[in-house]
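Two complexes are shown next, each including subunit A; its partner changes from subunit B in the first to subunit C in the second.
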Partner chain A sequence: MPNVSIDGVEYEVAEGRTILQAIDDLGLLMNGVDIPHYCWHPKLSIDGSCRLCQVEVEGFPKLQIACNTPVKDGMVVRTQTESVQRAREGVMELLLVNHPLDCPICDQAGECKLQDYAFEYGLSHARTEEPRRALKKRYDIGPTILLDQERCILCRRCVRFCREVPETSELAVFARGDRSTIDVHPGVELDNDYSMNVADICPVGALTTKDFRFKVRVWFLDDVPGVCTGCSNGCNIHLGVASNKVYRYVPRRNDEVNETWICDEGRLSYKAIGAPDRLDASELRHADGRVETVRRDQAITLAAAKLRSLIATQGAGALAGIASAHATNEDLFTFRRLLDALGIESRACPVPTGRSDALLIKAEKAANAAGARALGFGDPAPVLDRLRGGGLEGAIVLGHDLLGPLGPDVSRLGSLDTVILIDTHHSELERVADVVFPARHAAEKLGTLTNHAGRVQRVQPALEPPFEAYAEGEILTRLGEALALPGFEADWDPRAVSKRMAQEVRAFAGCDVDSVGDSGKPMPGGSA
Partner chain B sequence: MSLSEQVRDGIAREMAKYPKKRGALLPALHLAQAELGHISVETAKELAEVFEIRPIDVMEVVSFYNMFYDRPQGRHHVYVCTNLPCSLRGARTLMRGIEARLGIEAGETTADGRITLGHEECLGACAYAPMLRVGGTYHEDLDLEKAMQILDGLE
Partner chain C sequence: MLTVPYVTSYLSEHFGDDAFRTLEGYRARGGYQAAKKALTEMSPEDVVELVKTAGLQGRGGAGFSTGLKWSFMPKETDKPKYLACNADESEPGSFKDRILLERGPHQMLEGILIAAWATGAEKTFVYVRGEYAYPARCLQQAIDEAEAAGILGANVMGTGFRHDVVLMRGAGAYICGEETGLLESLEGKKGQPRKKPPFPAQYGAFGMPTTVNNVETFCHVPHILTRGADWFRGFGTEKSPGTTIFGVSGHVVRPGLYELPLGTRLDEIVFEHAGGVPDGRKVKGVIPGGMSMPVLPASMLDVPMANESLRERKTMLGTGGIMVMDETTCMVRAACVITYFFRDESCGQCTQCREGTGWMNRIVERIERGAGTHEDLEVLLDVCGKMEGQTICAFADAAAWPVQGLLRHFREDFEEHVRRQKCPFPDSFEL
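Presenting the complex of A and B:
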């Protein structure tokens, strides 16, 4: 493997990489070795068009672009010399010649590479007086994205993205030289399952998503690492949070899971968190159908009493535990312990399904289907059959994904003696449940989710729900306590539960919430 | 208007010359434009099918080269050189004057379909700046009156 000296430090790098790639592989790019760059992107083909990444390479008479110069054994690279600084200044000046400088009304401000690099490497004044190019602004190029041609610096990342990732090629550079613009073909919109990624990779404010535009200034946002719960791919994301509200999901790089992308549907799934149909209180349904809002502990007492009397009269065999693939492994491990302690054998996890593709989107539309299976919550068909055919008198149900496979038979649930429901959102299921508890969304709790490939990934509270809501595991623990089951006395502590699960369940060995870190860890046995 | 059999045959012959089909896009555009006068969005769609690429890939090339047109052209192409040496000798004022007299802007065609006006980069006649060309014919050492005389003489 070649040895390369970068700013006086020797590194061993992989064969066949370019200087910039090698520095990125080392994890040093803009993180120890600062080479500003616009057109280069770790997951797109090399363009070499912006010229900002120039560095000194010993033996070359002129500066070389780091993004497209292959490394060679013995190469000596300098990234911070006087001539490099001058080149950066020059490139920045040219890029800014036609830039509208409308930062005050630009939504990219605060996360704009043009601002950052101009501040870092640019001149503080313009030497040109000529009018700047007047082009299309607020240009609607598709259902998700607006284009501002004036702000574009023609790095072509968006063009390459559409060509190379979704392979839909909606964007191109038209005309040439100082007349070049980014545009769509007449009559064809930028419209694909991954379209909004162009706003992330656009280094300036030329491409912005309609969804996020002008909702909040980015410097008010905290980026909380998390996982998208839209499907079983479990794409890594940052949740953008301000004033206890999630404003957006953006992709978080994880080369093992989603590289640097997320799908549009997953990106917009943050809306479920603050949706108006969130369940926000514990409820009791009386015999006459009247629904009463009660304190959690009152609901726990009542649910426990119902379960106790049902088991006493009918036996535990008359009950089923129906898990949700949206709950965390810790919630489901707790559920499993509760069902074990009560002697309830009948267990299942209905998983909603939908469209999939070869890129990221998976057919299972929940983040933890594999985790549920690994914990013994499998195919719901047998339980559904019992529900339809009789022989079942009660159920503890997490989530409402039962509604899909059950279809019109949901009314059958209503004739059960006892239905305890723990759910995040209002649904038809709520009307047949005797006791309902409001659950936390994955963005509101600590725990792990297992993706389709058996990778255990961490979620953590990005916000506090503005109403009473609990992790499923917490409700189930309190229920266990109320039923005087051994081992349910302690306060709900997802971290401790996670450690215990990693010790007791072989599939999760070494995969507790702390050990998996921010980028997750494969289950020792692979996917379930 | 769609591509004739002749043009399609011509394109097939060009394609055979290149290791990758796509290499023949430029000659194909020349053939198509010679027949149809310009490359419309519809023509781009047909060519894209022939080349198994997307219409946008065709229009990108059309827009890159100024010898290809994406809309109907006038009977005469009048190109005023506005490169630096000509501009130092008044080419931009000349251009603005012509625009005003013809009532169109560079890039547009007169309503009677007579003249399409355009900018041109250096045509190697800087010593006789400012200058314009009508088709392949150069007219040099111009002022607005001389230029308009020439343009008025165009059928």
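Presenting the complex of A and C:
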């Protein structure tokens, strides 16, 4: 392993890396070792064209670009010398020669690398007199993205992204010299499953998503680390939250999971959080079909009573527990404990499926299918057979993913004695449920989710639901308490539940909500 | 039409002879004996060593040691190795490669064969400037003849060595004369220089080890093989041996090509060979090596045309394209032409080049219009400094150097424009 000195500090770095890569590997890039850069991106091929990352390397007469200069044992690199500062100043001045400087009306302002670096490394005045380039603005290049060619600094990250990640190559640089522009190929739209990532990697306001544009100024947003719940890949994200509202998901780097990307579908799945079809109150369905909105505790009391009488008359064997692959491990661990205490053995977890690809998109369209399996909620087929064939009189159901495999047989569910539903969104299942509880979305609670590869990842409350809603685990705990089951007396504390799960369930050993940290941890036994 | 250099030496000795263009005529004058000798009597290492000893420098502009360049090609590799012949000749003021292709295509092919043997290359791509339709036709004819005669192909002259030559036509960009821009264009991509590393000797055409040499560079090689390093060193200076073909253009009585030893004095070329400036006017400035090289004022023309001596005057030999400007010339207009060219031709990858070329052009055009300020001159030099030595290829240097040269020697022209707020050279060429 080569030793490299950077600004007088010795580092051991990996063989075959460039200076910038090596600093990034060490986690020091712009985090201890400041080498501003535009065209270089950790997950794209090296371009070497913006020339901002020039550094002094002993033995070279000229400055070298850190992004493309391979490390060598004994290399001495200086990143903060006068000549480096001069070069950065030069690049910044030249980048701004044709930039419109329209920050006040640019939606990138506040998270713009041109703004940041101009402030940090640039000159405070312009020496140009001539008019700047006039090019296409608010240019619609596809279903998700608008392009402003004037703001573009031609780092070509977007071009390389489309070529190298989704391998769709919609974008290219057209013309040359200072007439160069980014554009889609004639007759082509920027339209692929990952198109909106170009807005994340665009260092300036040239590429913006139609979805987020002008919704909120970014400096009002809190970035809360979390996990996308669109599929079982569990892409790491930041939830952009302001005034108790999620405005966007942006990918959060995790080289073990999603590198720096997220699919468009997952990115837009934040809309489910504030969707108008959120279940926002506990409901009781009377025998005459009338639905009554009640307080949670009233619903708990009634649900407990129904369960108690059903078990007393038919036995626990007449009941089934249907888990949701959207609930957290902590919710499902609590569900498991409740079912154990009640003696209900019939358990399952339906997992919605869909399209997948070789990149990030997984067929299982739920964030915690692997966690559900690890906690004993498996294939729903046997339970569905019992439901269709008789012998089932009651069910505690989390979520509405049962609707898919059940199909038209949903009416069978209506004929059961007792159906208790805990769900985040309205669905057809409500019409057959006796008691309905509104649940929290993964963005509204603390807990862990297990992705397809068995990686346990943390979610945490990014906002408070503006209505009465609880984690599934909390409702189940209160239900257990109402049923006077032992061990359900305490207040709902997902952190304590998580620790207990990590102790009691071997698959989760060492994977409680605190231990997994922000970037997750693989389950000791791997994928379930 | 100009077909034969005014002054000739070994390279262009037979260029007046139409038969020299044919395989038969070339062979009758000893053609392909040098290649035969290399392939049958010499090891590749011997050839590289000989060319190194002869001191041949690349004639494409950078003047790098040809033998040394060949030695960079990997010996142990499973990959096929290639040569690329740079016949893009895109530097304004240069027109020597054209005549070498038209009048001596076999001479170049023989040089290519020897270089191929020395480097172990199995194929040469000749990248010919798009506008060179006729030279390309001449070369293709020669390739066809050589293939038919077994001089190129699967079994070169019966030695078992394989070498094919493929002619590619460019589509007209200056930057495709830069060796990695050439390789990109050769591969069918946009002509943009590649970042280094990797260097072409590791990762060249289609990702294979490749050496790129200029047309004229190849043409010298058979002569070195035939007559030896000492003979070659008999021409030129100690550091810059051999002849080169100077192209003289601009305000001279006899514009044209002159094959002369390196180290020939610039004033000798301009005044004796090219006949000086017509109508008794005086020389104002001379660009010694193609448009990207800094200009020399009339007082500095006593310089030997070799890199070591030109460097002392802060300019370089480049491609040997000598452009003469007489006393009527407005140097700000010259700067307008030069900066416009580089602005138009910058590939646009690197920030400094893309934005700097345009900025310089806007400033000099403003000065020429009579709207310049003294501060503009400082900004110009500052922009040059920000472009120089900081980009993927030498294009930004090539764009900055001539502006620096004009400001170094003809600053008074610029200042006069600023003072009078108009162009003080009514008789100068028009933009």
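One rule holds for everything that comes next: the second predicted complex is superposed on the first by the 528 of 528 C-alpha atoms of A that agree within 3 Å, B and C clash if a C-alpha of one lies under 4 Å from a C-alpha of the other, contacts with A are read in each partner's own complex, and residues count from 1 in each chain.
Following the convention adopted for this analysis, a residue touches a chain if its C-beta (ideal position, glycine included) is under 8 Å from a C-beta of that chain, and two chains touch if they have at least 3 such contacts.
Predicted model, so just to flag it, every value in this text is computed and none were measured.
**Student:** Assess the superposed three-chain arrangement around subunit A: do subunit B and subunit C clash, or do they fit?
**Tutor:** clash
**Student:** Once the structures are superposed on A, label A:59 by its partner contacts, choosing first (subunit B), second (subunit C), both or neither.
**Tutor:** neither
**Student:** Looking only at contacts as defined up top, I'd like to know whether subunit B or subunit C touches more of subunit A.
**Tutor:** The partner that reaches more residues of subunit A in the superposed model: C.
**Student:** Could you look at A:70 and tell me whether it touches subunit B, subunit C, both or neither (first, second, both, neither)?
**Tutor:** second
**Student:** With both complexes overlaid on chain A, does A:187 touch subunit B (first), subunit C (second), both or neither?
**Tutor:** The first partner, subunit B, only.
**Student:** With both complexes overlaid on chain A, does A:176 touch subunit B (first), subunit C (second), both or neither?
**Tutor:** A:176 contacts both subunit B and subunit C.
**Student:** Could you tell me if A:128 is touching subunit B, subunit C, both of them or neither one (first, second, both, neither)?
**Tutor:** second
**Student:** Scan A:46 for contacts with subunit B and subunit C and give back first, second, both or neither.
**Tutor:** second
**Student:** Mind checking 6-14, 42-50 or 78-86? I need the stretch of subunit B that runs into subunit C in the superposition.
**Tutor:** Residues of subunit B that clash with subunit C lie in 78-86.
**Student:** If I apply the document's touch criterion, which positions on subunit A are contacted by subunit B in one structure and by subunit C in the other?
**Tutor:** Residues 173, 175-176, which sit in both footprints.
**Student:** Would you mind writing out the residues of subunit B in touch with subunit A in their complex?
**Tutor:** For subunit B paired with subunit A, touching residues are 41, 44, 54-57, 59-60, 63-64.
**Student:** Across the complex, what residues on subunit C touch subunit A?
**Tutor:** Its residues touching subunit A are 173, 190, 195, 197, 343-352, 354-359, 362, 366, 379, 383, 385-386, 389-392.
**Student:** Which residues of subunit A touch subunit B in their complex?
**Tutor:** The contact residues of subunit A facing subunit B are 169-176, 184-188.
**Student:** Help me check something: in the complex, which residues belonging to subunit A touch subunit C?
**Tutor:** Contact set of subunit A toward subunit C: 46-52, 54, 62-63, 65, 68, 70, 87, 90-91, 93-95, 97-98, 127-130, 153-154, 173, 175-180.
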